[in-house]
């Protein structure tokens, strides 16, 4: 069993296939191709990037042709050069062509996320900062997109509203202060739940640290304030920088000494990686 | 009932909420905010763009608080200036904060598509060419993303493998020629189904036109060949240009006289439009 | 992969099996038959007809016994004589008996539709008219029933509200006229969508044709008016006759020169074709 | 709460609406009718029959317009004369037209079953025999179709494989005899489960009755054998006649004194009852 | 095919696995164990009991590793001694560890029910009374829990609100009396449905028996009244004792001569049977 | 919005209602009670306990009668005395009786868990140890059962395999040691994930602590070893005791100074709390 169980990926793949097949299936292939024709093809990358999502491509094809063969050349997490063959497939022709768009939609999108993540990771190489994602993911694809971030060398922030505490400005306002918010959160949740608190201003830091949160998120801080916060914290909590992070700004942010830099763009604005399915003539 | 029935949007919204709420729901808001607190807030746009998806945002909130009020200021399809308020909402505080990310994930993504589409439409203004989307959509969100393309002034290509014929190179190869492929397709489908055939070279055009397809797609043609194909076709079929279309190249393509330009990037690589939920202090 | 992907048929078959198995499964077979007994049986037709739905029968059995063998003798679309064996099956006895009713309910119903369709097709042989179905299908079985119509030699009308335009009297009334309705429809939809408009009176024909719809439906026209409409149209659009079509009237309608005759009864009132499962003694 | 809980009917109605709306919804109504238009309409019957399924029609409309009004004139179970108005509805125009086909597909089909059932019931009036249905129902609609049988004055046989024992020829063969089959069944199931055994020949009757089944089904017996079986049974079990029952033969069968006559055609071959939705001009 | 079809069990098992895997799957095993490691293990019972649910355990593992081997030693329904090995399994290590808790949660719970049932059955050995369950089952697990009761030697009461009539005090009150309630029930349901009526006092018995119900339930009767009711009934109906049944009281109840004793605790309060998965070192 | 969103509870409640209603609904109430009758009733507790799950009871009724009124007297988390009224309800009679068993099955089960939890909490009062649950929950009900544990004063361990790391003996064996296992886990997961490691012997403690896990679980340690482990740890990690915990042993365990005591029986073996629905005469 691979890292992401097929049971979880299948649900996404089947839903995607059903969306594309509609009520009548692939009417073009049914009209043009005889039912027993078989094809060989390769998934080939048009320009270099980091791969994520080959299991999705494989499952899309296997769902329509359980007898299909799928052989991986460059696995998830690999950086493949332009033109590289990622995988070879042999399958029923109608099944392969019907699954093609679903396979590519997932593979190109996830590889796009992995590739962009890898760029952020490279831009911060040698600093101690980790690049992490956010919950700004595509509805229905969160687990896959966070997997793609890992393929690109990034790390995951929380997966949902339920698996970790993240106290934001509205929570602080409702509680009357950062400290009270952390105290309420700690009292409410179990020992397996981490607690992070977001602050907007440097002068909230001491109050936050007094409650010993696991992580403090500094939202839209200047570089100087980030550095000062790192200094004051002195390792008592992890420090996460958030807001206004781009490939241009990320290295300077990392060099302030923060532990984590969260980047919404990894999942909400990554262009796809251009991968195609080339059928053998 | 609006253009996209709530029944269809609800399925996406509920799935997205369930993905974010996980097993235990919004543990931070449950810990920090009392159950009966109510909030007023606005959806505000950070930089100008074209709006799409307010129904998703509304439904996300209403699913968690059926008593929420949601008042639209700039409706779907409108171009809103930076800083504009798109909608005002009043709702239970826990419900609003739990729904916030789902609402924004859908609204920002769809508005990003609408905004990018509008840029392509603007770039071809005054030509006869329409900007159309593709099936390179996010799995699970196709109907919503194609709706966003319409909000941006674009038009929709087929919605799936089942609602129109699109004969591509592999189908042509299996049939032994463009003409035979169109004939097989016409024999196989009903009178309510349009037939489009893709060609890779100008010398396939006459064979294609001889079978009177509704549309001929010219894949990766030079500008000169596009223009020549338009001239030769003389209105006997719609002509669609496809491949290598960008904001830089689209106007020149449109000026060749093609009827349709399909742009995968509308849905596979549009960055989000930055919209936030600002809670009233 | 056959014309109708297993992925689509499986959903119907599983739902049907679950409905019949209920909470406790086939309690009679569990009580009377030992778990490892195997049976051989044949699907046999009681009186002649056109077959449709063998994949449903096969999947029903295979869902309950993945090791079952199912060998087709008369495939979908074939006309089988009374008494003919359609398929041979070898399977676990409990599984076969539990699947029997589900298999037959689908096979008999779809073959009934194919058989009735073939009668309409035969009745119009030699004319240029095609027999087409409607959306008057059984909820949940539309794709299967439209497939059965194709097995019987008919063609399919649109599959749903979303894949083609069909302007009816209420739409015309809302738009203030046939022409305006077609114009609004054309402006609203993409280039892959066909447009059909229904008229109730001959004097609406010219206004309709002026907007160049793909198809004009003549609802409940007399034979004389049908012929006159065909003459006036002169090939500028396809002409579909609708309303009051029976096996007695269909040939006369076809001989007016219409292109298409839609028959709701194909799917809403076809008696089943009597097929049984005969277990080898 | 009515006899059939909305919770059960909703699942069917939503599935049917989703099937018809497809990915893009009712594109014709969206193009032709403004979003806030409202319509008044009536469900009217074209020729007399027995009504079943108004709740389906109501729910189809209410699902798309929760604010719709639906007023019943002739309720389920009533015999309505040709031309009668069954219900009046006021709703959003787009919602009403989008729901129309789903509402009618269910209402016409169920009323067709109720009407055919009522004909069988009328044909046996004055005898002691009840008309009962079978499991030869449309996959996905069993509960609704059995409800329609009740609306027509018939009674229900078992609802699935799990709620009663019905020992058929293959079970008898596996057990080595009718008596052993009944004994095994009785030992296997609880006290809330009725036991019926099918026999093919009169000479099996005594062996069957010796085990005191609740019901004995006589499959394809002659009228003489039916009468003889009734006489021999003398009330020790209910007697059900099955096989070859038509409107022509049913009265003679009933007059043999059998308690129950099961008729597959009630659900597998009933033509629809013609009902239309007439929009007020 | 075993008694409980895999199709029914799979739905429960997949839902349980999805609940445990959450969004990211088994992150501990993914981190610590290489993807191709295989393990051998045994399901071993810690103290003696009656087994039920091995199919659940097998399916949980096979869902995550279709190539897993699962060999049963003590089958469902067997009484296994403390320390006994129930089944041996060989599977992918990540899959086995990810499935372990789901497999055990179902197996231990169902075996707990079987074991408790067997204790009640043993306590009434030699009397004519059968131990039966109730509808006080775990939501979502009713069919499995009633199967476990059968494994323990008990019998099943009705499976839901729809498969048999059980008239209780509120129904009697609404009808104005026990007799009228039975009459209404008999008129409403088909011949395959058994009718049981609950009475609270001995003086209701004659009125109940006059309507010939299949079963009379005596709710919270004293031992003396139970015996008197059995005597008065004289075999005209089955007698079920209900209320206040425990392992201490059940034999005395059985000795009154009642036919059935229903015990809610079988399914609502059975402690689990302690079974573990021991991995071979 | 309450702590557990209705959206999550509804899925469980609807599934439970569908399981009980089956194909035909509550046939007894449909037969005996007229459709418009209304009832008033109270949920009353038979012996004292801690309440959990009133939202489930309310939703079960409201799903079948959206107009029902439900007024809570003793809310979730309250300790109610024997005989106390927990809630008053007024609803359609058929809906109320059809929902009764589903409402009670959930309410009694969850209140049973809350009550047993409260007993463990009381038994450790005054020590620093918290009572926590496990993943030994009922498949499909985990979120509800963990909520019930919170109602009883306990705290939650992890919710699934995906939201926290718990390294057990098999993981340690695969990694070759406790320390390596923790290192691999830390490298694999994000900063929002807590890490717990289980040890079987005191001599593993130092190796574990050297890697600074958040929690160390001591599996089946003697009281002396527990105390020694607490002493050696000196607050560097939380200490959780696990295995062989009962109401008899829990206080002694708590007094060793451990931080957490996990108790599987809270969810796998809690008897229900006896609550009934009493209809007003």
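Letters are used for the chains, namely A, B, C, D, E and F, taken in the order the chains are written, and counting of residues starts over at 1 for each.
Note that a contact is a pair of C-beta atoms (placed from the backbone, for glycine too) under 8 Å apart; a residue touches a chain by one contact, two chains touch by 3 or more.
A quick note: this is a predicted structure, and the numbers were derived from the prediction, not measured.
Where touching is counted per the definition, the chains common to subunit A and subunit F are B, C, D, E.
Residues touching across the subunit E-subunit F interface largely coincide between the two copies, over half of the numbers being common to both.
Annotation: the B-F interface is duplicated by A-E among the options D-E, A-E or A-F, judged by over half of the residue-numbered contact pairs being identical.
Inter-chain centre distance (subunit C to subunit F, centres taken as mean C-alpha positions): 51 Å. Put simply, the C-alpha centre of subunit D and that of subunit F have 44 angstrom between them. Among the residues of subunit A, those in touch with two or more other chains are 19, 21-26, 30, 98, 142, 156, 159-160, 162-163, 189, 193. Taken as a graph of touching chains, this assembly is fully connected, with contact between every pair of chains.
Considering their complex, residues 1-8, 142-143, 146, 156, 159-160, 163 of subunit F touch subunit B.
Of all residues in subunit C, only 130, 132, 155-159, 162-164, 189-194, 196, 214-215, 238, 240, 259-260 touch subunit B in the complex they form.
Partner subunit A is touched in their complex by these residues of subunit E: 14, 17-18, 21-26, 30, 35, 63-65, 92, 94-95, 98. Interface residues of subunit E, counted against subunit B in their complex, comprise 19, 22-23.
For subunit F in complex with subunit E, the touching residues are 12-13, 15-16, 19-34, 37, 39, 93, 97-98, 101-102, 104-106, 108-109, 112, 135-142, 159-163, 165-168, 170-175, 181, 184-185, 187-189, 193, 265, 268-269, 271-272, 279, 281.
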